[in-house]
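Each of the next two complexes has subunit A plus one other chain: subunit B in the first, subunit C in the second.
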Partner chain A sequence: MSKLIQGRRLWLGWPLLATALVLTPLLTLVYGGLTASSDGWNHLAEHLLWTYTVNSLLVALGVGVSCLILGVSTAWLVAHYEFPGRRWLQVALVLPLALPGYVMALVYANLLDSYGPVQQAFRWLGGYQSASEYWFPQIFSLPGVILVLSLSLFPYVYVICRPVFTWQTQLYRDASHSLGHGGWSTLWRVELPLAYPAIVGGVSLCLFEAMADYGSVAYYGVPTLTVGIYRTWFNLGDLPAAMRLASITLLVAFLLVLLERLARRGRYEGGLNAQPHANRQSLRGARAGLAAAWCALPVFLGGVIPVGMLVAWAVPATHGSSPAGYLAIFGQTLLLAAGSGLVITALALLVLFTNRLVRSRWTATAARICSLGYAVPGTVISVGVLAPLIAVDRWTIAQLNSWLGWETGLLLSGSVAGLVLAYTVRFLGVANYALEGGYARLSRVLDETAFTLGRGPRDLLRRVHLPLLRSSLGAAWLLASIDIFKELPATLVLRPFNFDTVATKTFELALEEQLGPASLYALMLVALGLIPVYLLNSWIEKNHARPAAPS
Partner chain B sequence: MKNQPHPTHTSFNSFRAALAVAVAGLALGLTGCGQAEPGGEAAAPADTEQVVNLYTQRHYELDQEIYDRFAEETGITVNVVKAGADQLIERLKAEGEDSPADLFLTVDIGRMARAQEAGLLQPSESEVLAAQVPAAHRGDQGDWYGITKRGRVIAYHKDRVSPEELSNYEDLADPKWKGRILVRSSSNLYNQALVASLIAEHGPEKVESWARGFVDNLARSPKGNDRDQMRAVAAGEGDLALVNTYYLGLLANGSPEDQAVAEQIGIFFPNQEDRGTHVNLSAAGITKSAQNKENAIRLLEFLTSEPIQEIYAESNYEYPVNPNVEAAGIVQSWGTFKEDDLGHDVIGQHEEEALKLADRVGWQ
Partner chain C sequence: MPALLLQVNDLARFTVCDLSLTVAAGESLGIYGPSGGGKTTLLRCLAGLELPDHGEVRLDGQVLNGPGVFVPPERRPVGLVFQSFALFPHLTVRENVLFGLQGVARAQSEKICAEFLELLKISELAGRYPHEMSGGQQQRVALARSLAPAPKLLLLDEPFSNLDPELRADLRRELRQVLLQCGVTTLLVSHERSDLAACCDRTARLSSGVLEPEVSQDALPLDE
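Presenting the complex of A and B:
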């Protein structure tokens, strides 16, 4: 089956390039962590390693379970039932994706802490003089982190599962109903098993994001592995120990990838036939109210309330400040994210296309490896990227000098190219996930037909796959772009002089405790995020209106 | 059962449009940023445009206004990269002699010592700087200069604590403060420098047992920043907080809610009977790789000059290093105090031990 046909061999360059890009920084870290002897490591292992690891796993587990419940339940309700506000909620449920975890964390900290409006009202209502007189749930805590991260991440599961529920499983659902099974029975026996690959994919994204989060856990004082890496590298100045810690994080991520692979193995990869019409059952009375309330809850907690608070804080800050500076940074971030997103999507497509073309164990592994960076915290990637970039720069400088007599400074490092590279390493996995979903629905008969008709791989890619995959490509591009909009730690370390993104401005102002201007930038972040979220939604709509592939 | 109408708009066109926008964006972005990128040839001294390249940990909006003013007055453009001090140190180390940075600016004197120890700085001479910055607040070789000072003080709730109950940092481990103290994470540089100064005074064993008592007295596990601690004091979560002086100044001039918080809080300068209150510096050092050294010195002279020191004092409530400039009115109202004159190198030496000690006693 996996015989290489002449002319396909060249395509192998793409997965090779992609794995090299992703692996070079990661291996730089692992090598550094393994070879260097480190006093700091003993200190870490004795006092902190256990706490870091357990907290990371608890955050990942908590976020994974909450996102699973929130994402699947809302996608299922919206796909199959008609209830008041459904059309509105169907779009709105994607919106929390536009809010990065750290912005959500900022909002809920200021809302729920002892000096926030909620507890002030609580004290006023209860006649309390001070916060020590009553018990109130502590937002600065592990459950607090799980809450804010779940609210901003669950739409990943929702977005990936909704099209599956809406049209992919419709035929089987109808068949199940006609065989006398009710809603619950059909859900458990037919729909969830059919949606299984999508659910696993979506939840994995949430797990990786949760593992890689730094902003929220650091702000809420929950010491996880990412906090430990920062603390060891930056506060202790012990890079080797930090690298070793990063390698452990990497190992956990790799185990997650393997688990995900195992979980998907042998599962039926979704329904092949698309049903052009989705039939929604109308809910009435209390059930309709419950469904609407359940879907509205995450929208309110993850969208309406945070955005409302940000607006309330931002409005006073708009007095006397000119919009020019804000707009310049807005535009700059837009270009950077859209451009890098495009590079990433193109690379992901080429990797997956080659895998489909060659169908070898090697290319499949390469595709897996490309997704690894997603579970690695941004700053860890930035160290891994910086060292090889500088090495390449030094080599180029020497060559330019000896051949052309040019004297130049560092070229790639400290430039936008370095950022794009870091984003590629970090977010190639996101694009991969979205595209894999599309390819799973694309019948291989198409490829065989194209070859039978004498077309080469390039024609197959351009004239068959590209048009048929456009929804998935769009989704891949948008998901990667949204993530780049929000990316903070790597951007902070690698950005060129005088280069700010909306995320770095939000972060700096939040550090400076300038809630007003920080909210203003956070709102721009949300607005920037909303454009791709809106487009994403219309693509999903499109998805259920028309089958992805004829079969 | 009813059939759902389907959207009929052609999203393929919108996809193509988006794709075109992205391609154009990428092209514009890369070329646009390429022009603004001084990491390459633009940073070379031979260029007609005068620049100074700054790696800074300071993250205040105010700073940009000051750099703009410098450019206006001297024609020298200030290029800025902002990040954490340790991240910038790692970046400087990685870039080595090719680093485009001319000046490295921190808010922790221990970190400046770390940069100095790593061989990232170079000596300099300037009569202007020698006059504007007291000898205690600059490196011996002129490889770094202090810009502003901040005291790490005890902020207390005026109704629940009387200043007579307070004495020094050491006293904060006393069981009488159980459940009453608020402080941010030990990852914070200000806390590390403070603990380092305690280690210099008492040695690591004594400070470790002090830290155990201190952590036992915390009202909640460490979180948030200095302003959060004071807000929590006002709300009643605790009675004392360890904070930097200028944060109370900022709070007192912030939103109406923050002003209400500031009114309930008093400032106490610890250790006035012995070595003095711990003081940290925001300081800048000239990098070894500096290709625009003269411009870097001019910027330093500008930052420590009287008009600019007044801006730091009046707008950010920091203590100026220039002896000819007075602190802001509200800062003066807290009174004058004796400063701990411990050397920066000593603080730098003990910061790592301070952090490990915090790990051992469970100060997050």
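Presenting the complex of A and C:
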């Protein structure tokens, strides 16, 4: 190992710890997938595995295609054309991201099922007496899941593609026009190929999220791999079978990561410094109306209507009910999310700081491993965390019993510590991503200056990096905390007995069809979800409004 | 004849090949040469920011680099003024200068800071942030910051390259005076010979990693 890191070896403990935290559950699943066996598994493999896998892939595929169409088309329209409401829609198109998939599922289930206002209106208009007299699309179905998840996830594609269409492809668009190509030809032959890496990135995020979803599929009764894992563990109590199922889900998730890498390999990755649109082409008449309607549609379906419905359902629930219970759950969730976010951000900072300090291939790989968890569904992580925690608990209980004669229950599994551990594995990548951006802007010369002025690594971190990375640290903490606030599947599996969060409460009340209280909790999720949406919009403006950012 | 302060033997790193040089205490040596010739690499090796492939560096008798020895940059009594000045953007001028004075009693460090701000004629800028200053002012702050901890060896990497020609001439003169006043041993690298003529006792040319026979000040042309 290089002498340059002499006296800094202790720092290597941080990437080592983080890598161990992330890899332990994942390797446990791989091991469990290869060795665990039970009667339950034989039944699963024979009767249910195929259905689970096919449904998961169909959900991912459907969501991927819908998000591709919605995200790319809206980003392209607001980037290149002027039409009524464009400025407002440009911002509003990010809003649906504030609604978790399971909240969207709750809204559309109650909106579109046979007792919902849409079918009531349909019956009234058609003069029908009951739902059996006509055909209406069934929301509690696989297409229903695709619909609600697409409305919630398409902004990922939009957010990533909009800056590319606005600032990066403009020069080449102009060149194409000057060579006689029209709008459509330029789109297919120039802009889409140039935006390809961004599109693949955005769609991949949607695929990961769709694969990871538990709330919507469970609520709509669509048996996917995540639902299977949860049922196998909670309903059958069969951890070995749940682990094998989780390991298959892990394999599918990593295949998606591999596909994404392959799809992006060797492709041009942007970096053009063309001028942003000085004058967008103005659309008139029907074309302007169509463009505005197309962009407004996902905003209404994914933002305005769901929020409006939630408010309408929540208001009656506030009458006569005490806010104390809601506030207690809200406060408890906030504390858990903010505290876990702090742990995650601190760990991400220490991993990236060590990587910068030591600059070795090993620490760079460790930093990448730490981001792996984000591609893995929460249900899978929770099973991966649960198995080693139970093993540790059993060992500790046996030791306490044999040495001290104490008889205790489970210590770590089913505790808040287990929950924080699962969140760390799942969301370390989010904090890493936010902090990497900050570090990329922090010149290494500042580190070297601190060293030549006699300051060691600890001073460098405390007196230079911490103050200069303040906003990135804030963003990392906020994004990780809000993701934790909304997290459902891992919380459902690992939470302590009688411990609720806003997300679990929303989900459980929705299952019990207590629409009012469920909507109130859902609105809390939406309100907090708006913060990263706001940050995302400011980030796009700040990082892309000036094509050549000062170094 | 003053004692040797810096001894470099057979140093090699990237383009620098088996370089040897000596600098006497209080002397200022200027090294010039084309870009990519290894000037900055040499300074970085002396500061401990780069690990040489082989070779030995001794400063005032202490081995900083050698077989089995590597003193990390923060423990070397070596100051470095970077080409880009590298002032900490979140600290004021005063705080930047105080940054290197750790382990010194507060009153004493404030006194040292005030002295160097005075010496570099920037006392009135003490409360300003780097972005509120011109390039010339930033260069003075960087110099004050590197001199304040009283390094045995001061390294200057292209200290005038970010300045306009008029300011450059003034600062060269002032730098020479400051270095003499502090009596610090200095190694300055620049691709401009004229920088060295104004500031250094003697010069050497570093090209493709090889240090060529030293040129006396009198024989030194002002520009290539």
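Operating definition for what follows: the second predicted complex is superposed on the first by the 359 of 551 C-alpha atoms of A that agree within 3 Å, B and C clash if a C-alpha of one lies under 4 Å from a C-alpha of the other, contacts with A are read in each partner's own complex, and residues count from 1 in each chain.
Quick note on the criterion: a contact is a pair of C-beta atoms (placed from the backbone, for glycine too) under 8 Å apart; a residue touches a chain by one contact, two chains touch by 3 or more.
Only a predicted model underlies this, so the values are computations on that prediction, with no experimental measurement involved.
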Which of subunit B and subunit C A:Gln119 touches, first, second, both or neither: first
Comparison of subunit B and subunit C by subunit A residues contacted: B
Contacts of A:Leu239 with subunit B and subunit C, given as first, second, both or neither: first
Partner chain in contact with A:Thr379 - subunit B first, subunit C second, else both or neither: first
First, second, both or neither for A:Ala131, with subunit B first and subunit C second: first
Subunit B versus subunit C as contact partner of A:Ala346, first or second or both or neither: neither
First, second, both or neither for A:Leu58, with subunit B first and subunit C second: neither
Touching partner for A:Leu49 - first (subunit B), second (subunit C), both, neither: neither
Which superposed partner A:Ala317 touches (first subunit B, second subunit C, both, neither): neither
Partner chain(s) touched by A:Gly454 [first = subunit B, second = subunit C, both, neither]: second
Subunit C-contacting residues of subunit A that also contact subunit B: none
Complex contact set, residues of subunit B against subunit A: 1-4, 6-7, 9, 11-12, 14-15, 18-19, 21-23, 25-30, 32-34, 36-41, 43-44, 53, 59-61, 79-84, 86-87, 89-91, 94-96, 98-100, 114, 185, 187, 192, 220-225, 227-228, 231-232, 234-237, 247, 250, 255, 257, 261, 352, 355-356, 359-360, 364
Subunit C-facing residues of subunit A, complex: 2-4, 6-8, 443, 445-446, 448-456, 459, 463-464, 467-468
Complex contact set, residues of subunit C against subunit A: 47-49, 51, 70, 72-76, 78-80, 82, 84, 86, 88-90, 99-100, 102, 145-146, 149
Sites on subunit A touched by subunit B in the complex: 43, 47-48, 82, 109, 113-115, 119-120, 129-133, 138, 140, 218-221, 223, 227, 230-231, 233-237, 239, 277-282, 316, 332, 334-336, 338-343, 379, 383, 386-387, 390, 393-394, 397, 407-411, 413-417, 470, 473-474, 477, 492-493, 495-499, 504, 508-509, 511-517, 535, 538-539, 541-542, 544-545
